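Same chain, two partners: chain A is paired with chain B first, then with chain C.
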Partner chain A sequence: MSDESANPTDAPETEADGGKTLGGSASENTVTRLRTRWEGARDREVTVIGLTIVGVAVFPYLFARAPVVSDLLQGYQELASLMLVWGIFAIGFDILLGRTGLLSFGHAALWGTGAYAAGWASANITEFPLLVVLIGVSVTVVLSVVLGFLSLRRGGIYFAILTLAFAQMIYYMASAPLSFITGGDNGFTGVEIGSFLGVFDLGTELPSIAGTLIGTWRYAFIGAFLVFSVAAIHRVLNSPYGIVFRAIRENEQRAQFVGFNVWRYKLAAFVLSGTFAGLAGALFTIHGQYVPLSSLYWQTSGEVVIMTVLGGVGSLLGPLFGAGIYLWVEYIVSGGYPFEWIAPYWLLVLGLVFVSVVVLFPEGVWGLVGDLRRRVATRLEEQ
Partner chain B sequence: MADDNGSRSRRDVLKAAGAAGSVGIAGLAGCTGGSGGGGSGDGGGGEDYPSLGNFPVEGDTATFGFTVPQTGSYQSEGQSELQAYELAVDHLNNGGGWVGNEFSNLSGDGVLGKQIDYVIGDTATDPDTARNAASRMINRDDVIMFTGGSSTSVAIALEGLAQQEKVLYQCCLTHGNGTTGEDCRRYGFREMFNAYMTAQALVPPATEAYGDDLRFFQLYADYSWGQSVQSSMKQFFEEAGWTEVGNVATPLGTSDFSSYLSQVQSANVDVLFLDEYGLDGANSLKQAVSQGLKDQIEIIVPLYNQLVANNAKQAIPGVLGTTAWDPGIDDPSADSFAQAFQDEYGSPPAGVAQLAYAQVLQYAAAAERAGTFYPPEIIRQFEGYEYDNIGLGQEVMRKCDHQAQRAIPVVQGRPVDEQSEGDLVELVNLVPSDQVGYECNSGPAAKCELGEYGDE
Partner chain C sequence: MALLETQGLTKRFGGLTATDDVNLAVEEGEVVSVIGPNGAGKTTLINQITRLLDPSEGDIVFKGESIVEAEPHEVAQRGVSKSFQTASIFPDLTVEQNAEIAALGAEHGSFRLNFFRHRNQYPGVSEGTRKTLEAVSLWQKRNTPASDLPYGDKRRLEIGIALASEPDLLLMDEPTAGMSPEETNATVSLVETVKEELGLTLVLIEHDMEIVFGISDRIIVLNRGRVIAEGTPEEIQGDPDVQEAYLGGADL
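Showing the complex of A and B:
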């Protein structure tokens, strides 16, 4: 878009050139130019954020209401919102897995704690969605500092096992000893979400075109947090601080020799990733107005790993697609689509998708997108 | 009702504020819609109701949602439920069974002039999965009512969703106290009795059969349902003069109960309560019998189901318990349902099948009485409704907590040589509804706040 609007000033020049030289070289010239401009713009913050905003804005329409596409996808508004919530969880998780190279198997503890804290706050402190989210996130940050402090004593598989163990500990605490707070097996049922800023009930539709495109206020609320998360993570990862994360992933020892306090950076990455897990958990509560006990269960940790790997480890936006595909299979295929008989086998379908992605596109779905882009670019250059 | 005796809580005030807010929004919607009329008042008749949840029903079919466990430990119950639901839909559209007979206001040609269709979702006996399935039905398939489930935690989760989305949920098998207690919702109704009522129903036959001054021990499933059974049994049997010597919680999905059962053996008791369900119920009962406990002491399984009986055929003879419904009940409606089910599927219905079948028909009948699918009007038709047409004698759907006041079948396992396929327990007594139950301001109902109708 911005390219087009920027073009008119250049346009006469190009045309004038075209008049003097051969047509072929002129088009080559334009393509190369557009490409270099695109290359430059692609990773610029504004472009990333702009693309995310556009994606978030048209996604519910395409998924739930557009004539042909939505029939093909069998989507619906609430699932679109849920995909965004899990998307935030997955891109946050990728800070740890993709950027710092740490596999945590206990992120359910952070997501679940965010969800429970938000739910508890909504029932006992305030019904304002923003405050509920804030409380959920704050509690999770505290927990992730503690968990990170304890688990990061060890690396590799020991780290994964430690996080898993702590998460399961929290799960069992919530299931019985603390069931007077958490509702135990019933989940937390007393969630009361009020209206946004005291004005809009989150369940109502947005006015006019926004309503057709985006749908509900709840989606817009969650979508705004997603855009914010993408922007924040993009900024952190491209800052000198974020580059240290990558250095640690590439070679921890060398990063240490250069003089970085590796342990502190790891903790920072863990807490940062935990913050987004908590944010997603709190939004999950806002979305469902209910917190299931299974949100703390190890399977939730497994799900986010799968989503991230499916989407593409180490890519900023990839995990969003991973989350979308995972939830689509979990919700739509399990409901007997495209074939009635497939319903009980949705986990098998998911397994097949996962295996084929891992085998065929080791960089995930996002890697596939990148491959295509590069191929098209080479083709254009060859012409 | 329940909040009459307490001071106004913060939540009440907020609810009132919320109601005021939604009236404001409804008013706005009225303006932009341009339909005029100045908002439909209480007297508004016909199709004048505003849209709410999935109302109005578009097209000439209305869709029901059936959320049943199709995988996991309760799938055989889910199977029975689903059979009954499909039978009910068939009868609603084509006549047969109770339609046109026990339920005389149903025509056998759909409901309110619309044919009935249905969608199915798997709960896997997990609240989160159940909500996923139900939310898909509500958002995508536009169901006007959903029903099913065979677990209290699932029922509670779905009731919450129903209230939030303003789509009615008819609970099926849920026995915990919370469903119509502290987690009750305006948009959920429960025909099934609860643990509190089970305890009341079991005291007379148990004290009569085993004695007055006994010591008992309880093993209970360590989650909300098991806990509510344990506390209810303790309360009522201690009132009747028995003494609880001890109790122990067993994690859900325990396969080896021997260490728990040895505690029972060393406690020197007369009666053992197994507050376990599904496979846990069957395993604990089998292991209790194989450890020789049954020769020394009496065993009571407060809530029987087909799965327990089927998996512990050798162990059940003489064991007392309650069940949702039993084909042996002497009642014309019970007979006609059992016959219709038998004709269709070739086996007698399980207790849960009657429950499921009745839920669909009762909803349809309430819609016919209301003359609309508008949920608040249907809810009002349910509340305080008296009926005697679902095979259990006279019943009332109580307004204060949406808990049916009903008779409870007390059953006993048949001796092994009298057992046959699908008929493993015999009816001991049908405890009439006036001997069980509690007032609106006591027991679980004291904690119940139903919430809004959605048209305030």
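Showing the complex of A and C:
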């Protein structure tokens, strides 16, 4: 995200602040100074990771147990975990969509493969959650290389169609010919997840205050992977890859003519996003202890696109919020009290939310947050 | 040995022969202009050298090695850079990031598995970025999004991107097309400075004869895909074939 510190809208503002501070009062000075420090710290790796840890730790309490907020949101622990799982999927997907400008409509294949591979491994190889995840991710990485290699032959809409076609192929393979492994229409039911490090049953609560905040070991396990994912993606975006991806998004031919092997970078973006899709899929299995056939269906690919756009393409944390909002509507608004009157129309609600965000805040929910932050900062300085 | 040589370079589009058996040699440090009426094959020639187009026949030799089988990014990595006729920039990125990408391409190579390595581990990149932007006098505007630049600045940034990739040979496709007289003058002096300071070899496609005759060491005239004349500006000026190609030489 540090590339956003060079955000053009920020830059002239900061220069203007510098001029103002000279003649400003003491309080104004403090505000500006605090703000400059915040601007500087905002995108640093430690800050991003720190804030993510705090957010992940406090979220289940606020969502499921805090006095007023949780009543308002009607949240519960398991939904909080599910939000993190899809959040990992969406922030990984954004490497491809937001950064590199490639719309894949076949990421269900990667998420589903991660989920099935993890489920199958848990039933046949090992019960250890970490190993189950590792196997799920490894299988998905291999599949991403193959799918990326085949689909990236074409750009734009053809790429989207190719990914969709390959993903549907895998869906049909799983539904019938491979049903002796996948369980066909019934999904994969034999998931056996053991305890973490052989000690902590994932279903039990953490001790004392940690239990109140975080809740279950399962949430902590998934939350740790989310923090890891945010840190890893932050790193990738600040590596040469980050700027090359953006260059490809903006002007592919130019990127090639300054000497980049565009094709390989696109494949790298595809495999990186596939890795997180596989990780999320494996965690989905650990979360639900079951793999539905629908995890390979094209609708799953569509859902992650919607989550990413809703949260804000091209922002590191935005898609997390997109995933949260999507699931909240899907699980809470559709679920009855206090939304009985609107519950049957939850898809309509989702559609309206999506359309209004796209029309009113093209940069997604995260873009809206950024706008507000800037507006407040400007207001503070004007005082 | 010439820096760049084309041997019998021929490109056919269906029945049309866009370049027809073009043999040219560009020596190191030279400024060579390629001129000719519209449709003479100038841009096709450049596009073959940068490997955007596959020649139908012939060979291209750069620094003594054939590049006719190379990918465009490999040609760029070997030191051939091109500034496009239209400003081919990265519109949503800042001026500085535009140059940074090109400098990174030069410093870092076409592809590496270093996705966990921070960009500030490549100090040469920011150095190259600053130098280039100062050379094209856009350092002051480094935080402006490229799409917000006025047209002349965009074209200068375009040249800046080409320079930041540290080429040995710079191909410029009509660097002053669509520019105001002031912008044209600024660009010409930029090209001259760059040539002197960096010792670049330049191949220029240009319509403005004043610029061509002022800046070139040698001029190659194309007509209907063929080289019809080649020589110093003085020699070209008096060439009857050239005047014929340009309809009585109104421009000359």
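The definition used in the following text is that the second predicted complex is superposed on the first by the 357 of 383 C-alpha atoms of A that agree within 3 Å, B and C clash if a C-alpha of one lies under 4 Å from a C-alpha of the other, contacts with A are read in each partner's own complex, and residues count from 1 in each chain.
Criterion: a contact is a pair of C-beta atoms (placed from the backbone, for glycine too) under 8 Å apart; a residue touches a chain by one contact, two chains touch by 3 or more.
Remember, predicted model here, so these are calculated numbers, not experimental data.
Would you check which partner chain A:186 touches, where first means chain B only, second means chain C only, and both and neither mean what they say?
In the superposition, A:186 touches chain B alone.
Does the superposition put A:242 against chain B (first), chain C (second), both, or neither?
After superposition on chain A, A:242 lies in contact with chain C alone.
Touch test for A:176: chain B only (first), chain C only (second), both, or neither?
It touches chain B, and chain C stays clear.
Who does A:294 touch here: chain B (first), chain C (second), both, or neither?
First partner only.
After lining up the shared chain so the two structures overlap, which partner does A:337 touch, if you call chain B first and chain C second: first, second, both or neither?
neither
Now for A:345: first (chain B), second (chain C), both, or neither, which partner does it touch?
neither
Please give the residue numbers of chain A that touch chain C in the complex, ascending.
3, 6, 8, 11-12, 232, 235-236, 238-244, 246-247, 250-251, 253-262, 264-265, 268, 272
Please name which positions on chain B make contact with chain A in the complex.
Its residues touching chain A are 11, 14, 18, 21-22, 25, 70-71, 119-122, 126-128, 131-133, 135-136, 139-140, 152-153, 156-157, 160-161, 164, 178, 183, 222-225, 249, 252.
Please give the residue numbers of chain C that touch chain A in the complex, ascending.
Touching chain A: residues 50, 71-73, 76-77, 81-82, 84, 88-94, 96-97, 100-102, 104-106, 108-112, 114-119, 122, 143-145, 148, 161, 164-165 of chain C.
Per the contact definition, I'd like the list of chain A residues that touch chain B in the complex.
74-79, 127, 175-176, 179, 183-187, 189, 192, 194-195, 201, 204, 288-290, 292-295, 330-332, 334-336, 343-344
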